[in-house]
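Before I ask anything, here is the structure I am working with.
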């Protein structure tokens, strides 16, 4: 039979799905073993057991001095920044995207500007951002906003443009004003797309967040990673990397679920 | 240890380390390496910490680092490391700067921006110590990347920074109200800029030590003589001009003469300095969670004495090769 | 006076003439079928009636008014596809025909109640009361088009424009839709314009059948001249005039 | 008339498109003026004329010592890394995407692994990358590859899955083996998507490139920006930012044109 | 012996029975129309003939062979949509029917030349020689389906399966396609299975018309029993048997 027609049975499929994770884990363990053999104090690839211990400590034991558990503080601080930045971006891109998609005047004014904006490397502009927004939370949120809004806006505007012209005309024949068309016809139809855009942009948002926290901060996941890099505490770094991965996964899953629940009309197709 | 013929050194941009880049570019290093039948490659890093990390992980045989970072990263990480060359000590290159009038005591209740856990942090701790303050008396320290320190200083959020050259002269030069409260000239000899190498590698390959020391002190004599070409090249590589570079050198106690470097290494103050550095590091948790106390890592001095755990010596000051240079024996 | 007057209408896209010298007058309550070769400008004509675009030259007047500048509640429309709102349930689609005319596009309180009652009446009429809370995507093509027609009629337009409304349906459903439309006509006496590819359909449903075609033809420049109304049949006897038999396949 | 039906005439449209650029320029000039008024030595917002001079110098005057023009060297080095990384990612994502999309066994094995992989923040893993791949060009290219391949692969696999099952069955009835289906049916149909994926990923690729060059390098656009950032040489930074923006724009435009030219069957729709 | 034998075939998806006890034998060269209510399993039956899926129980044999495990060149197929390759030109689509059977999916040299010549012959036969170098997207729906049929026939399958091949076409085009198919049949004497919603079409084109329906029905569990062949008409006289008139609207 052709390979494309061969379908693994249920238990085999589960095993296959686990395979690459097992392989990565095994490769890491062996690498770690080899290095620790040569230098028992090697910090680059700590043993999995060390990572597990460190993780447990980071999640549960408060700091000696401040009596606070850093990991949770870092998580809350980073998530607040992330959600702030992504939320503002979502709102902005929705507003501008609707305007560009629906209004020819807005389209003429903004579409090429946003196309250019989306090509600017935001990290290089950090110094200017600092001056404009200070070193506090604002500039971190703004970096995320600048980093992901142009892309989201372009995509949303495109989706608004793809709403069949028939619907826009139909709404007009029912007496809808531009505002009603925006709110009642276009907005609900691009909301699902907004969510998938947010999902797509979250990777970049994390990146900008970590970069901003590395530059000036005293709490946050990115801050901690770059701080402990100063003494190559890879056990801490790896714990944080895994934790960020898990957080990213949960957020993605929540958004996917939200999208499915909130937009029943998307899926009730025949 | 095994013998080998190819060696790699890492360095990053800092006034006292600029010679390393020039050694590679000018061919002086190659000349000395050829003399000893080996090959030495000198690689520049943009990111200082990354260069030390790479050395610690074994990707390099040596790296330019301060005494403090050597103790915390490679030595704390179990890599037995030797200070092959003591290049200089910071004599004003690192500074605590505040906006406006006042003294160290006025830092109380203010946030301070600095690269956390770096020599800046140490300098601040020493400064606060001198006026009877502690870090907890501040409104916290905010980790700020050195690359963005100048931009950070320009914002209203920042009251005080601790940083190093060329950033210090950049800040004091362009901000009339910048007020240096405390600098490394107040703690001479405590912030040492070194070339550290893997102890085992050095032990197995003395010619490596000889070649590097030979090349370094050849260039030192050129610099001491004010060689325009060399100084200009280094100035440009560090992103400034000759005048700017000379100003930075003025705040650096370069040991052009190997004998001076030997003297620094054998100075009686060194063990005291290293002990206070170790305590600082332990206090910040940098020596690792496994570190039971500040003397968890042992440090050996040229006279054979040690501080810290003598059974776990991972940091050695060794004057052998500097002495050879001083004796003209290379 | 006639109800809809189209006088000397031309349309061009860039340099290409699509329609030229279109003149026709329609009485209130007439059902007009429009046929013609593919690409000859039938939809363009409908778009101008709808005021989705304006004629290059000429006037289109409803009940003596001026040429309209944009679509409005005077003109209802049903396209071949995408005529209903996929994110609104069947009932909400009908309510939209009333609520979209308000400032925020929503009705509340008593008005909403009244609109719901009227929507349910319409649902009954178009035979969709059993699927009132479903979304359009779960309806068959024929049901979607019935909904689209019901929605257009809820807004009580003065003229109703249909652009190949049954073009995407299979033959069986199509026949049912014919019955549905004929029933509605008997009840309401609307003025209807319907574009169709199917000549039989045109004659079956229409009171008049307008045939669009190019009367002039420049072999060197096919975009030179536009189409116009070349035949205007009385179809009230319900049959296909014999002389047209060979043209029947305009859709090919 | 409704706003959505108001269409600007040609000259007005051109003016409108220029408007935001003019506004940004004006805002910058005023900001720069104010700061230079207060402190003529201010480096943060250099006067536009200063930037123009700097740009001219950077583009044309060779370095005294090395007789080379840094900007061009940086550009070539960075573009080589960028194209290397993006090229490898494109190839990898195409291969894995086709496998996941066509072969149920490959799908079971890799799809959840790649989903997880795409959530890992690659910047945090930089130290490990440098150890594994050295400091040379490899690790920079690898960072780009790790950063963008998972996303591209997921999307391509999705597109392969979206190829109508009818076509796959039809190909089988014409005697096509799995390999022929991959090469002759699936591959040509996802190539246009590959190009648009590359276009989408280039932003992230630049980001990773700049980040990698900031850590360890001695040539490259990102290296130079981080080097001069220490002195807040904003005239140089802004020149480089504008230059990167222009490069990104040209690359994007080339890819768009390539896509249009190479896949005539995409656009010959009715 | 009969050419295609379907013996006691059942199909289930999960717990839902779709087809049960389907038995039928077909002679070589017969044209079989398959009709039945929407969702009753006509396409499922075709998919099993095609070997795209295997029966839950029972055997399907062509010319005495075993039940096939996957689609192959013995079975040609044309679906309602997506039956041609959009990225290949019309001529390349026909050549694909020969080249896809090779190791790399490409022909070169003399073989390619010969395949091109045969493709051009086929183009002539299906009336598409004037658009040989165009891509499918630029063809009308009817032309695309003609190409799909031509492509399937180029591979010289032993049976040809058509799943509502004209379902998406407008009535005029549909009639043309009927003529086209009847012509081809006269020339080639293929064994054809065609699913259709349109009973008239089924009787017009088929030698036999198989009607699928559920003979048993459990009101508590509609998924309990599957459909099977309930009528098997001889349609060679070309007319619709009178007793079926009222069932004619199976598509509703």
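The letters A, B, C, D and E name the chains in turn, as written, and every chain counts its residues from 1.
Basically, a residue touches a chain if its C-beta (ideal position, glycine included) is under 8 Å from a C-beta of that chain, and two chains touch if they have at least 3 such contacts.
It should be emphasised that the depicted structure is a prediction, and the values quoted were computed from it without experimental measurement.
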When each step joins two chains that touch, the fewest steps from subunit C to subunit D total 1
Joint neighbours (subunit B and subunit C) are A, D
The chain whose C-alpha centroid lies farthest from that of subunit E is chain B
Rounded to the nearest Å, the gap between Cα centres of subunit B and subunit D is 38
Taking each chain's mean CA coordinate, subunit A and subunit E are separated, in whole Å, by 48
Among subunit A residues, those touching two or more other chains are 2, 44, 127, 131, 172, 177, 229, 232
Multi-chain touching residues of subunit E, meaning two or more other chains, are 70
Multi-chain contacts in subunit B, i.e. residues touching at least two other chains, fall at 50, 53, 57-58, 147-148, 150-151, 154
Among line, ring, star, complete and other, the chain touch graph is other
Every touching pair of chains is listed here as A-B, A-C, A-D, A-E, B-D, C-D, C-E, D-E
Counting only contacts in the complex, subunit C reaches subunit A at residues 50, 52, 70-73, 75-77, 79, 81-89, 96-97, 99-106, 134-138, 140, 151-152, 155, 157
The answer for subunit A against subunit D in the complex is residues 2-4, 6-8, 12-13, 16-17, 19-21, 44-45, 102-105, 108-113, 116, 118-121, 123-125, 127-128, 131, 151, 168, 172, 177-178, 181, 203-204, 206-207, 210-211, 225, 229, 232, 234, 237, 240-241, 244-245, 248-249, 252
Contacts from subunit D onto subunit C in the complex sit at residues 1-2, 5
As the complex stands, subunit A meets subunit B at residues 39-44, 54, 57, 64, 126-127, 130-131, 134-136, 214-218, 223, 226-227, 229-233
The residues of subunit B that touch subunit A in their complex are 49-50, 53, 56-58, 69, 72-73, 76-79, 113, 116-118, 140-145, 147-148, 150-152, 154-158, 285-289
